[in-house]
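What follows is a pair of complexes built around chain A, which joins chain B in one and chain C in the other.
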Partner chain A sequence: MTTDIAKNKPAARGLPVAVLLAGLSIGFFVAVALATGEVAQLGGQGIVGLLQRMVALGLVALGQTFVILVGSIDLSVAALISAVAVLASHVMQGDPAMILPAILLCLGLCLAVGLVNGVLVAYGGINPLIATLGTGLIVQGVLAASFGALQGAVAREFQVLAYGGVLGVPYSILLLAVLSLAAAFVLDRTLFGARVYAVGGNPEGARLAGIRTERVTLSAHVVASLFAGASGLYLAARLQSGTPWIGRDGIYDLESIAVTVIGGTILAGGKGGVAGTLAGVLLFASLDAAFNMLGIDAFLKQVLRGAIVVAAVAIHAVRTKGHVA
Partner chain B sequence: MSPLPQTSSPLRRPARLAVNAGLVIFLALYAAIAFLQPNYLEPGLFMNFLRRAAPLVILACGQLYVILTGGFDLSMGAVATLAVLAASILINGDPETTWAVIGTLYVMGIAVGLVNGLVVAFLKVPSIIATLGAMLSVNGLALAWSGGAARGDLPDNFRNLGRLVWRGVPLVGTLPLAAVVLAGFVALAWWGLNGTVYGKRALAVGDNPRAAELAGTPVAATRILAFVVSAVSAVTAGILIGGFSGVSVNAGEGLELQAIAACVIGGAQLLGGRGSIWSAVFGALSLFALFTLLNLIGLPQALRDSIQGVILIAAVGASLWRTRRRT
Partner chain C sequence: MTAAPALSMSGISKAFPGVRALDGVDFDCLPGEVHAICGENGAGKSTLMKILGGSYRPDAGEIRLAGANVHFTHPRQAAEAGISIIHQELSLLPHRTVAENIFMGREIARRGILDRAAMRETAAALLCRIGAQIDPQAPVSSLSIAMQQLVEIAKALLLDARILVMDEPTAALDERDSRALLELVGTLRGEGVSIVYISHRMPEVTAIADRITILKDGRKVWTRPREAAPIGEIVRAMVGRDLEDFYPPPPASPPGAVLLAVKDGANAALRDIAFDVRAGEIVGVAGLEDSGKGALAQALVGDAPFSGGTVALRGRPVALRTPRQATAAGIGYLPGDRKREGLALRQSVRDNALLTLRSMAGLFTRPGRGAFAPRAIDGKLRDMDVRAADFGQEIGTLSGGNQQKAIIVRWLAQASDILVFVEPTRGIDIAAKAAIYRTMRAFADSGRGIVVVSSDMPELIGVADRILVMHQGGISGQLPRGAGEEEVMHLALGLADAPQREARA
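Moving on to the complex of A and B:
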């Protein structure tokens, strides 16, 4: 009897995929570095550079993991990233005293967008793809229309987030690490995390078990928006000033979904976790770095990227019984 | 005298005429356009409207096939871009080769559709990921092939497909070739869903693939064919776009989401099981009428996205509200 319960423990959840994927990514990166003779890439600097490539996409993907786990999806993150980056640089205008107000304002915006998304999906019953595509379009349109009036640059002190560090480790990597650990802790060790898995795995069952499923879905959307905001703030710090297109150009909406799914979180919800998502992000980062070392042209890079996304998901999806949409 | 009428009237109500939601929205938007610019009521301008809306309507028809079977096709825009760029490179200024090249374009499109379908049906990759991968790859391929910039020009006989307008046609006055292509494509798409067994199969697969399989429906074949139809529609749209806007590297950018939005506005249900070809046609016409209207009002280009977002959410919300009231 006890063994039955032990078998269902969530400890093994998603770990094999994550470990395998991370191992493959690192192996590929090392092999390419050795083959092209860019051994410097394997030193401290190279590794830090590799990890830094993960930050922007990693932050969005952590949030995306929450919404996908509850069986929803968020397409508005790309527009939100742009909005946050533009808003942060406009509010700061290079003035360090405005750093805190700017951050609070940006997170407030994210909170609002996340609430709207969550209400539309959870309480309005609108298909999440359509609801978040809609809110994303709204944000993007308002942003593009008002960008002329929203010029500005972030404070020099704020750029420390992207360029500064402690003991050789950039703050941005620490931020990603801390937020990842926090997300993993919330999902694996708290009641909210358990509810997220319950709602995603079987919404009707969760409801019958007394979980207010709408609230959980709503919260997941808020979490996703806040993570997108963190990513936008990081990009603003790195680029000094935001433009209304950084989110869209980075395809952060679709790529964050792709890495989450590559990491073994299933789109139907209820299965997956932070470790897999981070491994997916690591895969993208090491591919990028390796392609750069190999000097592959930008367009061919895109072709390979597309093929690898499909292949990476196919590896664990192919065993699925039944049909997928 | 008898109490019969009172009991029968609530019973009869569900049989009310099913009016397509997209048609209502389209008529309302077009009325607004005509109010601002009365000459849109003339057949000539209406035909011109149809000509410009043709690519989106065709794309929506193809997307509808995939949506009915429960999936998405995000690769449409990239396939349309590929069609435009490949046409300009392959034709290379020689009008003699136009028809052969158009054949080649369809072969390329069908290949992309087949890959999408096979990946979804047999590798079990969710269609949103499979077609996202195809979108990245096809876009990259098109750009790598053309060197990242629009090259060459399309000959007149190719461009005519998109921009030729016959004048002096009885009844309508002017008749754009693109409108004929549009009507032909919609008729074919309608026939595929209503004139063959395929339509029933697609709805069954989209509604419940497991049940459809147990009932003997060839689920994989139905899925794959839907992606092929979608890719063929993308190539057709690409040819028309190349016809009236010429060669550009972002010819098809964002069209896939517009096509999905169009189907949804017209009342098709995402993840399958409900929708008709009229959802796609009137949804796309509504969306295009909305763009035209916003243009006439003189709203900044950028705000159009926002309005589109609002309409999208409102249309889905309204259809949900209707179905809830009915049940």
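Moving on to the complex of A and C:
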């Protein structure tokens, strides 16, 4: 067994999938813009608009990538996004002095929900689909019941997050970029990242290697909830006041899972990363933008999106099979 | 007497609800010694090693490392004390690189930031030390099982383990890789590592061990130096029987008519496959890991079908494009990976035994009648001596031997003519092995045929009437009953001057 040398395949790790997917998305977007004569979409404004479409879903999906990598999943993010948006606008009541307390309170709520999710999944041994569906339902229910008492609007100054920018680049895009780089760095270069991959790839092996797997799973859930919180704050800034349905209407729970999986992160955990997820988000954003240019109606749009999700995952399945054989 | 034992466990006892797993077991291992533990499944080997590895806490007894008393509460503590356990089931991350795997849980990091360059270098040095030419940057999924095993060993050596426990390290390896692994064990012993070696393969144990300890039913039977422990003695101590009746006697009458005939069989992994199986015959298939012996089994059962050539059953040509066609034609399959491919672990013994019958039944067959009746299948299970408190219990709770027997019942119920066994006794203890060999013989003696693919050479030699040896996707030769391991190896390695002894019965 020492005679044959392991063939050093070019590291097929996330990047090629991400590059391919991003290329496809951009190509599609450009082609549709040219075909419909909306050449303005290819200028600075159009590109910024396209990237801005990525922000809300992108932020949730970054967090979702952590939980999926660790072999779990989080269905409570949509409800949490709504809760954060509502809470932020209620606490601020248009008062700029309350921006910081509102943000801290919102992130505190996310921390709490993330801890509950993590404890249920990691220590309670409850299936993550059920556990996070449950916490999501609870958050959604409490929110809907108490919304009457939670009216309010965010401060004008806070809306800069959604509408302001430097040198023509909106703050929201910078936020997504910075958080993406941070997430990629954490997953690729830190101890915590290595443990996330270990626990997702082989929980029993990781435990025997001395990793406290429960803590890693718990932390991943907290990360996911905090990213959902970031997304909720961004939506509150954009919409001025939150409603209990913005998360649900945006289908952020299922779409964040879809883009993560399209980006090559496997649901079983242990393989994937941030680059792929962002490419998946870009795909969704360019599809949206292209469908708008084409004037496709909302229902057909939904159908096409669904078909593309299935096709993308099927392509992954075929590719992986090809590797095995 | 001169060297202090690197490891000494004394009076170790451990009870689980309803079972006394260990009862006052003493065990020690000197520096630079290979100490083998033998015993049937359930004898307490795994429990003893889990106590040593910190996964379980003993009810009584003490563990001393180089004379100092230790108590472990988490596997990490045992690892830090210099104990490394290479588990039977590989614990690698397939999508990560070799270096990342070697450092799993023990990454080199400064303030939480990984030092990848340092990990790569250390991994390369470790791999070099064990003589493995593996690129630390290669993803583990691109390595063969044998190389993955080497990565496991490198991982174990990372912490400079002074005590290395190897639990069935060769179970998934073929003969050639096993030999290389044994050489490596010898090298590590030379470096002063204490090695605890657990294996069911007797020739390996007697080849490598300095001392041998036998466990039976949670107690130590004896510990002896290798010279004082011939294989016969070991087996007798383990099961209380002699080796002579381990393999069933060869059939008295010559084999009958041709049941299965394969001509020019070929697919991506196979070429020029031609052989036949006669009634009453057990045909063994030997070969190294990548020889195509597994692919042959998969082709016969329609899992990865032949793309060319013809297969005839009882003289009639049959198509074997899918497992369903193979099953309908009368070919049964007993896969090597029982847990994943052979069983529905959470379902009852009875359900598992009925699996094929039910899947081949029509949509409107009434369950619970005729052959489907619990009473009918229970009778068959009892005939096969499947031991379970109740055939309604989950099959996952049974021992490997009993699980294998339940799968045999499944195919007997389907009245298959040919059974294809892959690694029929992997991970199965000696007593159950003998029972499975007897069952195979009885099946063949009833006028049917068996193809058995195995990496365990003594097993093939003991049980098969004829051995086909595969090399690079083709059959490199055939050997009659009574052939030696040397001859099989010769053909398996594809040596040109192989003694071509054709044995057309």
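One rule holds for everything that comes next: the second predicted complex is superposed on the first by the 306 of 325 C-alpha atoms of A that agree within 3 Å, B and C clash if a C-alpha of one lies under 4 Å from a C-alpha of the other, contacts with A are read in each partner's own complex, and residues count from 1 in each chain.
Everything below uses one rule, namely that a residue touches a chain if its C-beta (ideal position, glycine included) is under 8 Å from a C-beta of that chain, and two chains touch if they have at least 3 such contacts.
No experiment lies behind these values; they were computed from the predicted model shown.
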item	value
Touching partner for A:R189 - first (chain B), second (chain C), both, neither	second
Which superposed partner A:G46 touches (first chain B, second chain C, both, neither)	neither
First (chain B), second (chain C), both or neither touched by A:R207	second
Partner chain(s) touched by A:G270 [first = chain B, second = chain C, both, neither]	second
First, second, both or neither for A:G165, with chain B first and chain C second	neither
Chain C versus chain B, contacts on chain A by residue	B
Touching partner for A:G94 - first (chain B), second (chain C), both, neither	neither
Chain B/chain C common contact set on chain A	323
Chain C - residues contacting chain A, complex	53, 55, 74-76, 79, 85, 87, 90-98, 100, 103-107, 109, 112-114, 116, 131-135, 137-139, 141-144, 146-147, 150, 155, 173, 176-177, 180-181
Residues of chain A touching chain C in the complex	1-9, 11-13, 189-195, 197-198, 201-202, 204-211, 266, 270-271, 323
Touch list for chain A against partner chain B, complex	120, 124-127, 129-131, 133-145, 147, 254, 257-258, 261, 267, 297-310, 313-314, 317-320, 322-325
Complex contacts: residues of chain B adjacent to chain A	70-72, 74, 119-120, 122-130, 132-141, 143-144, 148, 209-210, 213, 219, 257, 260-261, 264, 270-272, 300-310, 312-313, 316-317, 320
